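In order of appearance the chains are A, B, C and D, and numbering begins at 1 in each one.
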Amino acid sequence: MDYIIEMVNITKEFPGIIANDDVTLQLRKGEIHALLGENGAGKSTLMSVLFGMYQPEKGVIKKNGQEVKIHNPNDANKLGIGMVHQHFKLVHNFTVLENIILGVETTKNGFLKMDKAREKVVALSDRYGLKVDPDALISDITVGMQQRVEILKMLYRDNEILIFDEPTAVLTPQEIEELMKIMKELTQEGKSILFITHKLNEIKAVADRCTVLRKGKYIGTVNVADTSKEQMSEMMVGRKVNLQVEKKDVRQGEVIFKTQNLSVKNKLTSKMVVNNVSLNVHAGEIVCIAGIDGNGQSELVYALTGLIHPDSGTIELKGKDITQSTIRERNIGGIGHIPEDRHKHGLVLDYNLAYNLVLQSYFTPQFQNHGFLKYDEIYKYADTLIDKFDIRSGQGTRTITRSMSGGNQQKAIVAREIDRDPDLLIAVQPTRGLDVGAIEYIHKKLVAERDEGKGILLVSLELDEVMNVSDRILVIYEGEIVAELDPKTVTVQELGLYMAGSKRGADK
Amino acid sequence: MSNKEKNITANMNRRWSSQIFHVEGFSSFVSSLMAIVVGLLVGFIVLLVSNPSQAVGGFMKIIMGGFVDMKNLGQVFYFATPIILTGLSVGFANKTGLFNIGASGQFIIGAYAAVYVGVKWTFLPGASHWIVALLAAMVAGALWGLLPGILNAYCNVNVVISCIMMNYIGMYTVNFLVTKTIFDSLKNQSKRVAANALLPKLGMDQLFKAGNSSSSVNAGIFIAIIAGIVIYIILEKTKFGYELKACGYNREASKYAGINEKRNIMLSMVIAGALSALGGALLYLAGSGKGIEVLDVLAAEGFNGIPVALLGLNNPIGIIFSGIFVAYLNVGGFNMQLYDFVPQVIEIIISVIIYFSAFALVIKGVIHSFAKRNDEHAANANAESTTVNVTKKGGEE
Amino acid sequence: PSETGAPSESESASAETPAEEGKFELALITDIGTIDDKSFNQGSWEGLKKYAEEKNITHKYYKPTEKSTDAYLSAIDLAVKGGAKVIVTPGFLFEEPIFIAQDTYPDVKFILIDGNPHNADYTEFRTEKNAVGIVYAEEQAGYLAGYAAVKDGMTKLGFLGGMAVPAVVRYGYGFIQGADAAAKELGLADGSVSVNYHYTGGFDATPEAQTLAASWYQAGTQVIFACGGAVGNSAMAAAEQAKGKVIGVDVDQSPESPTVISSAMKGLGVSVYDTIKAYYEDKFPGGQGLVFSAANNGVSLPMDTSKFEKFTKEDYEALYKKMAADEISIVKDTDKDGKEVKVTDLKTSAVKTTVVE
Amino acid sequence: METLYFLVQQTMFFSIPLLIVALGGMFSERSGVVNIALEGIMIMGAFTSILFINIFQAKIPGQPILLIAILIAALTGIIISLAHAYAAINMKADQVISGTAINMFAPAFAIYVARMIRTVQQIPFVNEFRIESVPVLGNIPVIGDLFFKNTYITTYIGFAILVVSWIVLYKTKFGLRLRSCGEHPQAADSVGINVYKMRYVGVMISGALAGVGGLVFVIPTSTNFNATVSGYGFLALAVLIFGQWKPSRILMAAFFFGLMKTIASAYSGIPFLASLGIPNDIYKMIPYIATLIVLAFTSKNSMAPKASGIPYDKGSR
């Protein structure tokens, strides 16, 4: 069999960890090849090696059977290898066009010449139906659009081997569908694709073959058509995983949380980003706010948790008006908050794990006496949480949080927020970028909380999560709640239409 | 997982972390030490290049100058006092994520307030006079720090730039106020403060003397050291310190956690300002015959706080030592004048030390990798126990 | 590169100083300014150096760590430790340190420039046998300069002082009164001569001082009496641009810029030189307070390098003779009772003084 | 009118060095390295170049020696800035620390060397560089008086640097790459740009410009160099922030500062201001107070390069 790219016996070590341990990956021309593995399994590392960002300690890379050396992204580019990184590599205050040409600029007497580049970008955009505006600033376009820019970057460089590192983690269902279509088109044009994702559905939908890594080791390569999702996930984690969220029927209690006509304006444009939102959450139910990213979810949550002040409307918690309350008052009053951005809001990355685990409670008498912190108590408590929630880290309670994996960082936040025993838990994309094992874990925890009679407000962009976990769905579109749906009766397709704004108000 | 197993894991974690903790402190110390050695070496080379025959003697004076007699030793503490405080000011603000380059302005404002009280409020009896003078200085400095704090918290004004502005405004304000209120026109400086306003000597003038002349050292050095310890306790042991540092590391997360981050930024600048101002007060109430000059030059003590803080790794206790060290070098440099060298060599040495202390990260890295190699075994054991833990969990479910 | 690599100056400097410590017979301690401040530190040092080099005596200057009585005393300690037999201390700030040191070191001679030893609160003035205080009649030097300027036909004058310290103030007051006297002799109308009067707040050359001087020239000022060390350099920089004129201070500053038409000199170097010489001839004027004035050639204008157009050497000598004979009374910075005199207290009619705060 | 001409001419002396040095700082920060060492680099640049003028003034005529001195100042600045670059880029040091070290080192070094080789610390020079009136251009009414009289070649060099900076930053491949390193070095790295190299170049440009700025600052305002640039390096930093890291705004900020400084120093020669009787110290404070006020209103949306001040580590993500 002819492989366009072969990575043979690759070993890549980082201080203290072998990220890739004798891994072999073979990519056929024109195929979509998925790469599957838990968080930290070494997928990104392997792809970074292929893209020249890291040099492996052992192993060789071959292109069309010829051994090649890839020292930097330029080498990779010359070999026709392009990559869409897990965290986009786009300069936020550059235009789309500038980002695309960065590194391969055409110049005349040292001055930039953009005309040719623009033509090429527009042509490529048309050909693949990407619909990007070359002059828009990156900071002004949606995440989905940004990803298309990343794709255009590869196409502009005429790459024929395309690496997608978790491209779907940040996309809406519609966007994912379109991306899948684009990927298929690309392979039809003769390009070969390496595709990293944690979502088995997606692998099923587009991939031809799938290579599985676990803890840096090569587990195997399978034909996707011949392998079930359960088999693949078992290869990945080394045990059986329950992909379906098991939960009992909802036992709705009384309303514990309620907003009325809540509105938030954008300070700069004075556009309504949250528009007259009224919703309520009962004890013992999971209410999910579904919507495409950028439709006001973040601002809505900020207003509910006190990070910003709403321009109008009221918020009530357990019958008490908390519209004017501070963040601290809301926290004490019974709101738990798993924030959308764990690095920005959720953690003080330079504090150790124990300190982060008391971030919402360090001031309580349990941990503090006359202004002095009780160290022993803090570390004792942290140890129990680490045990209870299985948070893994290098040096236990004293691990600097920055050095922990994303999955474990998220677990720490979940542990902290749940252990405070809030009446209402606001969880924003709690499983973003996590592997199935971790997702399963977090979903279980959420359901357990609900079963204990807590109200849960879940904000999610992922249809699977929305459909599986929630008891009630509120669809948000351009800052407005446009529909209230029942996950048992609504179809995924229908939900997608509401989220895209082409249908509204049905159940409501 | 059995309880026993749990304990083993926990113990392992703890042992491992205590080692890391150890390595951390040790490597910081070693990297500072290496910077100092390199700095002194460069100083020696400079001396050698400029005048080989006297280099050894001059260099020995730099190293030993602070120890030639008790008076010189006293002078070390005297010069250390203000820079420990400006160092604390800079270091404290640094810990809370703010670069307080405005120590100079806060320092001179504090000096003015103290001298004003010292000259004018002669109705204050006994020790209350100098105590009130110090308090007045701290209040003035706190206000001077508050303004950049407010501007940063509410208007997002970069602290560095507003502090630079406040330095100049402070200098001109003090020049203006001194000439209008407490001016000794014969000397173009502030008037003498009343005897009660001078800091007590605590008998140190008898201890730190050589022949008939005694050192200027006074209670100020103890106040500086106490200030260092208090700041250390605030930062490391209290809830307030926890909040301040959290704001320093991540403002957004602090806000999320319900910490009033605006208030903390302002408080942090207020404390930093009060510390610098206290430094100014201690210097001008030392009774060494120093007055506030009406001169269009920023107070150097404020800027000297920056290297002191950096050399002390922003740690309050470290700053006490680095302040004394820098003062010691300065006294050595003064004594070096017996040789044919320009005293600026001291500043060259200190700047080289600062420069190499910036390499701490790399030096630490080297030490850590050594330590890691030694502890490989322990790490492996730890990793294994984690794996066991995982499979157990999997099995149960 | 030969100039920077092995300069002759540094070689000679090291040659004259011994390798081990403890052997500098003549010492000078600088005050706020540096040894090359173009003012009293430099002037005094030049006098000391001249004598030391002539007689091949070891010599050295010391810089105190800061500006305070204690720091000055420490520097004196160090100088004594360094073997000093005579210590020159330029600047009135040394009045108090010398008051103390003259008792501490009875075997060391102190030459205090610009002041006389007294205690901290001015209640006791005492000069011991091993100390001498030297002051200058700066008001006379300033008077000469102001007189010459107006006599030379200039009516728009400026005074740019460094800081309002007594010596500078005396220069300034003398300058105004000299100008006034000249104007009256010329029969000019009241208020027809104007003087801008300002202290920059430092002895450094700053762009601010340059701008200020430039603005004065721009507004018509013809000559600025720059009276504050390196502040003069700022005035000269401005004068070069505006084709204005500068009168220097303390020493003959004409080599520094072609714009310097004259300098109000006081005999710093000469007085230090003479006093050290007296010491070695066993005639040290200990216990005295010396005044250097026109009477003993202590102040002057360097007429050989001056660039006056109308004011002649004869005019100068006539005036100087009268001054030396004490026929000209000049108001100083303090009155007989030691009370401060303000600029506005100066009774001038022909000269209108504008104080720039 | 005369007063206006005077103000403009005088403002140039303050503004041009601020402009040049702030533009230097811009290149450094745009590449991702905070350069708080501008003050020290200015001092070093002024020191070597004025020492050169001092030594060779008798042998080389006015404008040529100035041009050579400018090159020497730039070269000195580059050499000093390499120390900063090495610490900030290779050693991933805290950039404030090495900057502070350089600020401390420069005046000490200048004084030490000057004293060791010439016994005095001031280095005098004769100002032969002033241009009375630029030929032809100086005769244009109004404009000529404003911009082409009583001036220095350095003024035009300053404007040339501004124009070139703008073009380089926004119109060339180099500028695009440089900016990407200051905003998102990982992105630059991923498209094959050598971030370390770009940052070195950015810091070196800032060194060259700061060195030149030091010389340009000293020439019109004194007749000697005394190991100080009066805090103008720090002011340039303020100008840079005030100018929001953009050449055009830096120009405005530099002139705002320059004008304020000029008015504060020259008010006594301006009849209207002199008659107000406001004390000198108040005037001296005005530029700083005004800056604070302006900043209070404009700082909400800071445009600082995102990655500025953060060491780039190839390994980290």
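Methods note: a contact is a pair of C-beta atoms (placed from the backbone, for glycine too) under 8 Å apart; a residue touches a chain by one contact, two chains touch by 3 or more.
Quick caveat: nothing in here was measured; it's all calculated off a predicted structure.
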Neighbouring chains shared between chain C and chain D, ordered by label: B
Distance from the mean Cα position of chain B to that of chain A, given in whole angstrom: 43
Where chain B and chain C are represented by their mean Cα positions, the distance between them in whole Å: 40
Between chain D and chain B, distance of the C-alpha-averaged centres to the nearest whole Å: 30
Between chain C and chain A, distance of the C-alpha-averaged centres to the nearest whole Å: 76
Sequence positions of chain D contacting 2 or more other chains: 116, 279, 284
Numbers and ranges of chain C residues touching at least 2 other chains: 10, 13, 201, 204, 206, 208
Where chain B touches two or more other chains at once, by residue number: 50-51, 175, 296
All pairs of touching chains, each written as two labels joined by a dash: A-B, A-D, B-C, B-D, C-D
Contact set on chain D toward chain C in their complex: 2-3, 6, 10, 13-14, 51, 55, 116-122, 124, 126-127, 130, 150, 217, 220-224, 226, 228, 230, 261-262, 264-271, 274, 277-280, 284
Residues of chain B that touch chain D when the two form their complex: 46, 50-51, 99, 101, 151, 155-158, 160-162, 164-166, 168-169, 172-173, 175-176, 296, 298, 306-307, 310, 342, 344-348, 350-352, 354-355, 357-362
Touching residues on chain D, where the partner in the complex is chain A: 167, 171-174, 176-177, 179-180, 183-184, 186-193, 303, 306, 314-315, 317
Touching residues on chain D, where the partner in the complex is chain B: 36, 83, 87, 91-94, 96-98, 100-102, 104-105, 107-109, 111-112, 115-116, 231, 234-235, 237-238, 241-242, 279, 281-282, 284-285, 288-289, 291-292, 295-297, 299-300, 302, 304
Chain B to chain C touching residues, read off their complex: 50-51, 53-54, 57, 61, 71, 75, 78-79, 175, 185-188, 192, 210-213, 215-216, 288-290, 293-297, 330-331, 334-335, 337-340, 343
